[in-house]
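The structures considered in this document are given below.
Shared chain: chain A. Partners: chain B in the first complex, chain C in the second.
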Partner chain A sequence: MRSSSIVYLSWKALRYRPLRSLLLIGTIALTLYFPRALQEFINRSEEVLSARARSTPLLIGPRGSSIDLTLNALYFTSQELPALRYSSYEALSQKNYGKTIPIYSRFLAGQSPLVGTSLAYFKLRGLTVSTGRTMTRLGDCVIGANLAQNENLQPGDTITSSPENIFDLAGVYPLRMRITGILAPNRTPDDDAIFVDLKSAWIIEGLAHGHEELSRSETLELQRDSKGEFLRANASVIEFNEVTDTNVGDFHFHGDRGNYPLSSVILVPHNQKQRALALAHYGDPVTAEQIVIPAVAVEQLAKTLFATQRLAFTAFTLLGIAALALALMVFLLSFRLREREMLTYSKIGATGRAVACLQGVEVLVIIAAATILAQAGIVLTRSAAQDIFTRLIS
Partner chain B sequence: MLIPEFRCEAGQTIALVGPSGCGKSTFLNLIAGIIRPSTGSIFIDETDVTTLKRSASAAFRLSRIGLIFQEFELIEHLSVGDNILLPYHLGTDTTRSVIEKRGRDLASHLGILPYWDTLPSALSHGERQRAAIARALSTRPRLLLADEPTGNLDPENKRKALDLMHLTAKEHDQGLLVVTHDLELIDSFDTIIHFEELNQSGKQLMP
Partner chain C sequence: MLASTSLISSCENSGNQANPDLSPTGKPTIAAVNYPLAYFAERLSAEFAEVLFDPSPGTDPAYWEPTDNQVSSIQQADLILLNGAGYARWTSSRTIPYEATVITSTSFEDAFIKLQDGIRHTHQRGTASHTHEGVASTTWLDLMQASAQASSTAEALIEQFPEHSDSVSRELESLLTDLGDLDRQMRTTTAALRGADLVVSHPVYQYWTRAYELSAHSLHWEPTQELGASEMSELAATRTEGASARYFIWETQPSQENLDKIKIAGFINIVVNPCGGRPRNGDFLKVMRENISSLNKGIPQGASTGAVEP
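Take a look at the complex of A and B:
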């Protein structure tokens, strides 16, 4: 029997029962896809995690979970730890272990994390402004490429921070920020973030504000205490919710700057010796801060991921075996139902081998189509894994 | 079943008649090599088909014997054309173009050419029967074995189909052995055999 005829007759048989054929292809494809895709996803996620962690030499933050601290600094996840005092940052800078980059990642604008930092952060991450320029004034922000694309934002547009609690009058105020630049995409959480100067983040925190001049008589109330009489501004004073070139001079800070909050500080040591000194200093349990090597913290996280992967892999493998057994049964039942057709081939003059070939090619076509489909899915998963993982973790 | 001797000469047409269950279809399967006799020999031309191995027997059947089954035995997922071309697909020596030309001529003669690309499920019983006849004749076999080939045909098509089988048998020196209950048509055969007379065992195969 000619090979072309075997393929032709098998193809005709498969086409005649498209639903059965597609179901078999789908079932086998999914069976092959899930364990491999999971493996690809975990591997790629680990690579992504490790790459970002490796580019962050050391991290100093409040004591607590090193993984929470790392994820907040690297992926801008919600801040679970207490704030680090600005005075700690100043103390670290004075020790001159290396370059210090403050991170204050607590607020959101819509779903996007708002990160207060310095321009040194852009240099560390290799971020460049593709359109516009970096922030130069209070209330300026630079946004990631994804955010700009998704929200159709351009330099010159504004974006407003989200209040944390609308009933908390003394709490976080929404601040309308001027977008000065769009970052070039780099396929990291930076693509979805909004970057502001640390002081702008503190304005959102409520530690600084700007308001109209207290020249109107109705804005002032005469009050008295044990020291005597004094004038106090009342609630009719108009506070600015946007920094402009005309009102920027009216913004001012209150309280002790040393108590201002940060999430963490990235430390890029000058050299190995300074690195060792920093590790030794913050490794001392009496210090209020902890030092974290992000690569080590991520390794711990990866171990957890691997344990989960092993469980899921086992589950998928068992399900896969069951699905393949079912597919085999479908094949056998199908051939049994078509026994008469096979008998006709034999009666007309097909050898037993030719009939077996016809059945075998049908099975092979199904398996080949399922394998191609699964492989295509795996390639897609591999290419999308980084973005999916970044979104999931953020 | 005990058949002491049976001969069908080249170009001879034989009608085999007998009551249902007397073993006529089994006899055709024996001649075709689909089932083997417990003893004895069956020669087609110079070949004893009972000595052939299974694969050789299948190849012999494909090239030398045409079969028309009582239940048509068309492959449901193949079009009429592909069913007629089935012997080519299964490996007969004749080229595709030759088989296709013969098939189309036969289909045209039998009135089923318009259904060349149609699946058998869309055809009437009579049209399917005619497609099965065209498939069996397309290889120009040395021996054509037909089991009730006209059972599902109307009188006009019955006559047409039978005439075609007789014509090809005479033109190409084929032996034609037809099992039939249709006593109106058996006059056209060279020989009429009552299977009960042929079978010396005296046993009914089926009640």
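Take a look at the complex of A and C:
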């Protein structure tokens, strides 16, 4: 029997039972795909984690879980640790340990993290404004590329911060922010975030506000407390929920700014000496703050991921063996059912070797198709792993 | 001293990390919030940097409101010199890079003069009451404080541009000499004003009066505003019993009509220009010398009640 005839007859046999063939291809493809895809996903995730961590030399924050602190600063996850006082940031800034970039990542606008920071953050992350310009005053924001695309937002549009608790009727007003620019995409959590001046984040916090002049007698009530008489603005005094060119001068801060909150401070030492001094200073358990090397914290996280990977890999391998055994059984049963067909081939002159080849080619075609399908899935997983991981962790 | 304190600023050891954002001439840019700081920066960094000071002559930088484009230009500066003491309120409502800002008055912030002219109030029941109080901000009129601000400016320049430390140090020495001379002249000149009946047209002379041991009553008048009966009554109410001479200090040259009215009221007109904004002619030192000259012309007439043309 000629080779082309063997291939032709095998192809016809596979097409004659398409459901069986597709099930076998799918089962084998998934068996091959899952362990490799998991490995690719974990490897790519580790690369993504490490790259962002490496671009964040040091992190200063309140004492507590270093992983929580790192994930909040790098991926804008919810703030689990208590706030860092602004005075700590000031003290750090005066210590000459390098460039200091404040981060206040606590609030949301819809599902998007709202990050209060300084302009130096954009330089650190290599972020550029692709459309519009950067923020110039209170209430301005620049947004990530994904957010702009998904929500169809442009410079000049507005976006409103979300109240932390919808039942807190007496809480601070949501702030309607002016979008001044859209950042160029960089395939990191920055693409989904909203960036504001630190002071704007404090307005959302309620530490600063703007309102009309307290000069009209009908807006004020005379009250008395232990310190003497004071005036209480009544409900007719309107607090501004949006900063405009007209009212920007009416916004003011209250209280001691040293007590204002931050999530963390990114420290970028300019040389090894500054780095060593910072590590030594904050390594002292007496200090109220901790210093974290994000790359080390991420390594710890990666170890956890690897442990999970090993467990999943073992499970997938066992499942794969079972699936392959099942596929083998399907093949064997199939050949048993086709015994009469094979006997006919023998009677019309096919040798035993040709009949074996016929069955072998069928198996090979199915395995080849399954392998190609699995490999395609792995390639797709590899390319999408960064985005998937970023979304999962954020 | 790249330092930051109350104005939400920070310091950065920029060290050798000079910002690559250069002016069109290829020189680094230094932004300043008022003319005295711009002048100090111009003197100290003339060889290697350009100074960005946007408010035009005649504009009071303390109340200047920059446009978005102007803020964007300031954001590109390698160094942003702030006066501190709440001066230039726009700096707390605009986005400026914390790491590039320097508050030049940090070294004497304990000596700020507090103003208590706000009303204590609260906005919501149960929330703490507060007062919008501030501090006097025309710090440089005490010329020793001006020297401290010049020194802070020099320190920040050296930290940011260490390769120019020699020229900055050299220029600082010269600038401090000039300011020291001015301070001595001002002290000598104003000695005769101690105990005199002094009225100032605007509440911007707090540090000047403290530094030179003067006592003044502040009004809220503009040099060109029309002085009616109520203003003249307000002026009359400032008179101290037994004072031998009365002087009226203007911020800038007032209208002739106002000069005459003040003269008729028995005051000697003197102009002491705080020079917060860029002068139309000359520079900071020239304006301060003109102030001393105006004082020198006016004070001798204190013995008589005749007025002097400023």
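The rule we apply is simple: the second predicted complex is superposed on the first by the 381 of 394 C-alpha atoms of A that agree within 3 Å, B and C clash if a C-alpha of one lies under 4 Å from a C-alpha of the other, contacts with A are read in each partner's own complex, and residues count from 1 in each chain.
FYI, a residue touches a chain if its C-beta (ideal position, glycine included) is under 8 Å from a C-beta of that chain, and two chains touch if they have at least 3 such contacts.
Note that the structure is a prediction, hence the values are computed from the model and not measured.
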Worksheet item: After lining up the shared chain so the two structures overlap, which partner does A:354 touch, if you call chain B first and chain C second: first, second, both or neither?
Response: first
Discussion item. Once chain A of both complexes is superposed, is A:137 in touch with chain B (first), chain C (second), both, or neither?
Written reply: second
Worksheet entry | chain B versus chain C as contact partner of A:249, first or second or both or neither | second
Worksheet entry | Touched partner set for A:198, first chain B, second chain C, both or neither | second
Item to complete: Would you sort A:89 into first (chain B), second (chain C), both or neither based on which partner it touches?
Response: second
Worksheet item: Between chain B and chain C, which makes contact with more of the residues in chain A?
Response: C
Fill in: Partner chain in contact with A:12 - chain B first, chain C second, else both or neither
first
Fill in: First (chain B), second (chain C), both or neither touched by A:98
second
Discussion item. Per the contact definition in the header, classify A:346: touching chain B only (first), chain C only (second), both, or neither.
Written reply: first
Discussion item. Let me check the overlay on chain A: which residues of chain A are in contact with chain B and also with chain C?
Written reply: none
Worksheet, complete the sentence: Touching chain B in the complex, chain A uses residues 1-2, 5, 8-9, 12-13, 15-17, 340-341, 344-354
Worksheet item: Residues of chain A touching chain C in their complex?
Response: 86, 89-90, 93-94, 96-102, 118-120, 133-138, 140, 170, 180, 197-199, 209, 211, 214, 220, 223, 225, 227-233, 237, 239, 243, 248-249, 251-255, 257, 270, 274
Discussion item. Looking at the complex, which residues from chain B come into contact with chain A?
Written reply: 32, 34, 54-55, 58-63, 65, 67, 69, 73, 75-78, 82, 86-92, 135
Worksheet entry | Residues of chain C that touch chain A when the two form their complex | 3-6, 8, 10-17, 65, 68, 71-72, 75, 89-90, 92-95, 97-99, 119-125, 128-130, 132
